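Going by the order they are written in, the chains are A, B, C and D; count residues from 1 in each one.
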Amino acid sequence: MRFEKNKVKDVNIAYIGGGSRGWAWTFMTDLSMDEQLGGTIRLYDIDREAAEHNEIIGNALTARKDTVGKWDYKVMDTLQQALTGADFVIISILPGTFEEMRSDVHEPEKYGIYQSVGDSVGPGGFMRAMRTIPMYVEIAQAIKAYAPQAWVINYTNPMSVCVRTLYEVFPQIKAFGCCHEVFGTQKLLACMLKDLKGIENVPREEIDISVMGENHFTWITKASYHGMDLFPLYKEFAEKYYETGYSEKADHNWMNDSFACAHRVKFDLFLRHGLIAAAGDRHLAEFFPPWYYLKDPDTVHKWMFGLTTVDYRIEDLHKRLARSKRLVSGEEQIELKPSGEEGIQLIKALVGLKDKVSNVNVPNRGQVSNLPLGTVVETNALFSRDSIAPVFSGALPYDVQGLVMRHAINQEGTVQAGLTKDRDFAFRVFMNDPLVALSVNDARRLFDSMVANTQKYLNW
Amino acid sequence: MRFEKNKVKDVNIAYIGGGSRGWAWTFMTDLSMDEQLGGTIRLYDIDREAAEHNEIIGNALTARKDTVGKWDYKVMDTLQQALTGADFVIISILPGTFEEMRSDVHEPEKYGIYQSVGDSVGPGGFMRAMRTIPMYVEIAQAIKAYAPQAWVINYTNPMSVCVRTLYEVFPQIKAFGCCHEVFGTQKLLACMLKDLKGIENVPREEIDISVMGENHFTWITKASYHGMDLFPLYKEFAEKYYETGYSEKADHNWMNDSFACAHRVKFDLFLRHGLIAAAGDRHLAEFFPPWYYLKDPDTVHKWMFGLTTVDYRIEDLHKRLARSKRLVSGEEQIELKPSGEEGIQLIKALVGLKDKVSNVNVPNRGQVSNLPLGTVVETNALFSRDSIAPVFSGALPYDVQGLVMRHAINQEGTVQAGLTKDRDFAFRVFMNDPLVALSVNDARRLFDSMVANTQKYLNW
Amino acid sequence: MRFEKNKVKDVNIAYIGGGSRGWAWTFMTDLSMDEQLGGTIRLYDIDREAAEHNEIIGNALTARKDTVGKWDYKVMDTLQQALTGADFVIISILPGTFEEMRSDVHEPEKYGIYQSVGDSVGPGGFMRAMRTIPMYVEIAQAIKAYAPQAWVINYTNPMSVCVRTLYEVFPQIKAFGCCHEVFGTQKLLACMLKDLKGIENVPREEIDISVMGENHFTWITKASYHGMDLFPLYKEFAEKYYETGYSEKADHNWMNDSFACAHRVKFDLFLRHGLIAAAGDRHLAEFFPPWYYLKDPDTVHKWMFGLTTVDYRIEDLHKRLARSKRLVSGEEQIELKPSGEEGIQLIKALVGLKDKVSNVNVPNRGQVSNLPLGTVVETNALFSRDSIAPVFSGALPYDVQGLVMRHAINQEGTVQAGLTKDRDFAFRVFMNDPLVALSVNDARRLFDSMVANTQKYLNW
Amino acid sequence: MRFEKNKVKDVNIAYIGGGSRGWAWTFMTDLSMDEQLGGTIRLYDIDREAAEHNEIIGNALTARKDTVGKWDYKVMDTLQQALTGADFVIISILPGTFEEMRSDVHEPEKYGIYQSVGDSVGPGGFMRAMRTIPMYVEIAQAIKAYAPQAWVINYTNPMSVCVRTLYEVFPQIKAFGCCHEVFGTQKLLACMLKDLKGIENVPREEIDISVMGENHFTWITKASYHGMDLFPLYKEFAEKYYETGYSEKADHNWMNDSFACAHRVKFDLFLRHGLIAAAGDRHLAEFFPPWYYLKDPDTVHKWMFGLTTVDYRIEDLHKRLARSKRLVSGEEQIELKPSGEEGIQLIKALVGLKDKVSNVNVPNRGQVSNLPLGTVVETNALFSRDSIAPVFSGALPYDVQGLVMRHAINQEGTVQAGLTKDRDFAFRVFMNDPLVALSVNDARRLFDSMVANTQKYLNW
């Protein structure tokens, strides 16, 4: 890479999962609007056709006159080809198909276990991890062989397990995980400033926060806006909307949107623990024993969020496939609107253009002082030329530490289970998830059927 | 102390809670049968009369011709008097009265929370800790002032919290906690050798074990008998008696004894985790969320152990008071039968008579590698002249680590709550116990009423 | 403090050692040029007259039309008065007089031990620490009592020992130490860019660095300028000037300036260890056994730096006293020129005006992964509203770790010696400094005479 | 292995370096006198003839009527053959020949660096480590492949580096290092009891000690004899003999014996640090900068120990070769005299015959709380069936920690240098040894010539 006149124009990015219909478009759009960066995007996907479509869509963006970030999109045939010479590697894949996801989400319902997402923890998150880990072993080995100096950005869930697997296989890897759930909570705080103080249009970047925890189970321990401590305000906010829930938009009801919530779980957690949980309620709920928020569909309804179904996801994919077709044919043009994601700003910091502090998922080196070293945690970090330095974020209070620690330990067990493929051990870790409130015999039966359902990705 | 011809005859022991009707008699009896030790026992108790009775009982033992350990028993008026010049300090007190214990055990039942003992963890254990900590602060300060070099042996529950409070107040203290629950499990293994192998009368000391965990939630990770690994045998044993339970004696039914159990909880835990839980089922059950073993009285009955009532304890005390009267009057004589407790052997090791390895509760210095440093843990230790060196016991497997860690963290929170008397913080720790499966509002109500019931010991 | 329209105008700063002739003027000048801050400076000094002079000088600055930062300077009679209500506390004191400093620097010369500064480590630094620690105990207790929420900025040497003493006495203190030695090395790198690349006038702030170590023994582990890695360049630079030394200015010779150096020590250390030592050579030399750089005056001359004498310091003070007189009388006016120090920018970050990353001395929470936790280390940190979060800086390479660790351990011993006033223990720590290459008997004699010389500050 | 009637008679021991003329005979003799053990010794040596000689010598011992421990000695052709099915592996090899040892010891003398042994640290110990590590990599890989469950006992120097290499290559290995230097210090304490108290013939096993440190740089932190604290006595002893030295036997002068010393170094270290260094003076001296004890031959003479020459070692080998010949031919019979080594007792503990506490070299898991985790340290450990549990030994005092830490860090660097074969890095670690008090250029020259001298074992 050459840094010249405040620009870096020969960046090589390998995009694993480059056939994505969704997040890839967002990323391409953001790139096309930034004039300081340019180079090549190598698209790699086991669905080659999908990658080819994105090659067309990406190069069309470059060809447009109204874009300033010019990138050359190229489909690659092999991981080796994609990685060799890459400065950055982006990983954003779907491990398995909707068939396996159906088992992740719905098989446990036969035993009375309900999950709102099923991709992070719980029986679904665990099985998804079992499928994903072998894929990440392969990717990590390829990066070690072909791009050991590259920066690797992960977007796949289960986030912590994916990032950790990369480090287990190749400890010198320069990998980190990005997730936008925290940004959503910053936006909620901006809404709060309007609701309680009448301050309008606060950009989320101006809400200064310190976060700590595990991805999707992250906690804001400090929040400021222009020198103002936001915690007393949030207390007022949580109490005001504890019973009714809070909706960002008047016309926007959580019941109409599988991905929305009314923040009641977040408010309940604040009243219990005094910290602001920094993820959507659907993610947060899955980190607790069932009696909290996921006992049964009625309980879920009471807490005002939805159980995403796999049928919904399939329907959603159909819409995205149709849009892909329109984009490839030129029938539809991508709108040049910033996504609010920070991925590109992080890349700019890493090439030396502008230092940035943002939240990130990397192994714990002490940035959270009372979670195990090595566990992938989410905190702020300072991004600068060829460096990510997590900022020391202190200790979680005992009560929250107790909750997060359980999952930190399970994260370690999950990764070991996926790496060793030791079925007995895997069962013990599976059974240890707080959502699996089953007798040892029922737990065994559920485990066996879920393993059978996803067997072809496991090779156990 | 002077070591002469393999004897140490001028040992000074301060006994705090020296008016005890029960454990004190056991201790006196053991002492009277050991010829290598002798000296003075200073009895201190807030119930001076009780101490005076034990002074009479103790000196009567010394006067008997059939005793070889001769001790001079003296009641002391103040902690200062008892401690000054002491080589050893024994602490075995009842924090509060049966009135407070009634609240500990039965108040939570109003909210559907059942406890089988209520003295270690759970809402009862927490409140007992709140009462006990101020007493231990006072004791630790007195030891720092008057007997900083003495070895301090704790027998009071909640064990971990008591020992830790001593170290928090006086970090140089030489304190440790003794508990016989592990011995009971060794005896069960001896029974197993008879049941499965026909080997009779194995003394528990010959069952070589390695233990790890927190008091009453300790796990045997290795067990041998004459070079034989006992784990494969225990698997057979657990499976054989999983459904029916196991009774040590043919004529001994758990239903007739408040302190007995049929080991079904231990067997279930072995099937879940592959380790031998080393405490009575009544203690073990309290460390889990209610749905495991304590959901309701029916569930408890199914697992074949009993919920000790405070009424039972009151009745039991009456019997012991009557016996005290008979012992003081000489109507009854103590039978010279070894208790099987190891307290005296530990004292003998510490004065330099004979090294000994035994399980002990002390702050974690790394002896359990994956529990927090500072947490009071139970492992083996090497006792020698003026030294207790815990032996490095390795790491708990992830699944068990997850279970124990929650209580290790709560232990830290409980001690801080007791020391700071910060009521809001105390509530958060209280609510964080796995047994407290309540909404934040119900938890608050239960907490408030339990605080009110024990208020005079709290000064909050 | 009230944050209003991007200004904070009611800041209260307690300045302990506020009679300073030198650094105080720098600080006042910087404050007078910053329009975002304002408030009150409470000057406290055991030399009240000196504080009164600075009150006059400070208020004169405020009265000037060409200043934008307006502060009210007030002399305070007691620490309590100065601290009560303070938002910030600045500590910049001289522990003892030149009489004690003379013993620190010159007494060891009788035993063949030469020191170039004598205020950080070595026999002089140790004795200065013994004098300073009791003063810092007093200050820490006062802060705990009267300003527990204030941010405390230390400028006194020995830096690490001072900051650590504050934390030992009051663990919740929000204290940090600032030192400009690292900035000097950034400036050297800017000179290097000119010398080797012809890039002129690079501001030191644009040299992006990562530092790690202990104050005055800090190491730059990464250095960039506009995306360029400066390490290969520095290798060239060190080799080019290894023999001849390097002088920043043509007319500036290290031999004419007690505080200057020709960077030969830094170059030697780079050739040995591959890292850029980030302090003046005079400081660096004292951290090594004598045979490296301080064997005798000839060796020192060969390495091209000077041994500062106390006579020089006395002469320098006379000049500053004369200047103080001129400033008080109005005969001389302070020139409004930025000092290049960062103190004020850090204050602005802490009140919430603008986040900043800078190097800072605080206890190690893991920011240096292979130095002991608790040791005061120097690394970068992120300053934001009411928060200093050290950034995780990784591990020192083994060879440098070995060098720094010795001083980290001595730092711990020094603080314990100063707190406990245990003379035997103090002697062991003293003797353990690498500069004290003496037989046990000579070491004892030197120690005894240095203790005698500074006895009135010790109360041993 | 079968445990029967308190005996284990089918033990398989692989002996790597089984052609040894010296220590092998000691070991065979000890085995032949113990009636509880029996089995097969597989002798493996790159010098097959030497192994064959020991086969004859060993089987002759078994054939004798006056031996009770009967073992079958068999020469093996390959590591695989020797290891497959082994319960124990003994490693006792000479890395390289006397030619390389000559360079280790005498090459540094050209630069004024004197070494008394040259096999642990210093430039000689470092180069010996570079030769040894590749051999240990090979052995560790073979153990991982063929005997992963075996207990591995190392006797080769540099002890710490050898044991650590085994763990680096195969982290699950069950390896430990044995060394008798500590026993020698126990014997000195027994002599002291006679000299100062008139207590005769105290067996060293009755001197109860706690040790901590790194092999050959180990420190006794507690020592008792029958309840008596030996530290006050040792102070008297050290002061009495500080100037004159102490000789165990009237007719035994350190000047006549290359391996003897007069303990002046140990006494000096006690006066400096208050702990009893637990190794021969010749080993201890090498851990310090030259000015302490090894400045030049005169200084060494003053401290009353000798610089072993390689010529002496060659002469000694000739004697042992001659003895081997006599033993093989039957001309000479081995005398059945216990060696005082503990190896066999440790084996007996590990097969489950009798628990034992002894000092041992294993990676630090916290047994020394202020040395890095992972470093091979020497402390007591509890040996029991299939288990070695180090006992927690606390923290070294700051002054001694500073000394040992430097070598602990160098140990880490040395192992990494040997594993990575990174010559630049190796040079930095080499130069960092306290004995290497040389300019960077001289250090480079010495390093280069020593590498050249041992090149054929390095493959750099």
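Going forward, contacts are C-beta pairs under 8 Å (C-beta built on N, C-alpha and C of every residue); 3 or more make two chains touch, one makes a residue touch a chain.
Keep in mind that this is a model prediction, so the values were computed, not measured.
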| item | value |
| --- | --- |
| Chain D and chain B - chains in contact with each | none |
| Interchain contact steps from chain B to chain C (minimum; 1 if touching) | 2 |
| Intercentroid distance (Cα basis), chain D paired with chain C, Å | 46 |
| Approximate Å spacing (C-alpha centroids) for the pair chain A, chain C | 43 |
| Centroid spacing, where centroids are CA-atom means, of chain A and chain D in whole angstrom | 53 |
| Chain A: positions in contact with at least two other chains | none |
| Complex contacts: residues of chain A adjacent to chain C | 1, 3, 6, 8, 208, 210, 222, 224, 226-229, 351-353, 355, 357, 365-367, 369, 380-382, 384-387, 389-394 |
| Chain B residues within the chain A interface of the complex | 268, 271-274, 289, 291, 370, 372, 397-399, 401-403, 405-406, 409-410, 412-413, 416, 428-429, 431-432, 437, 440 |
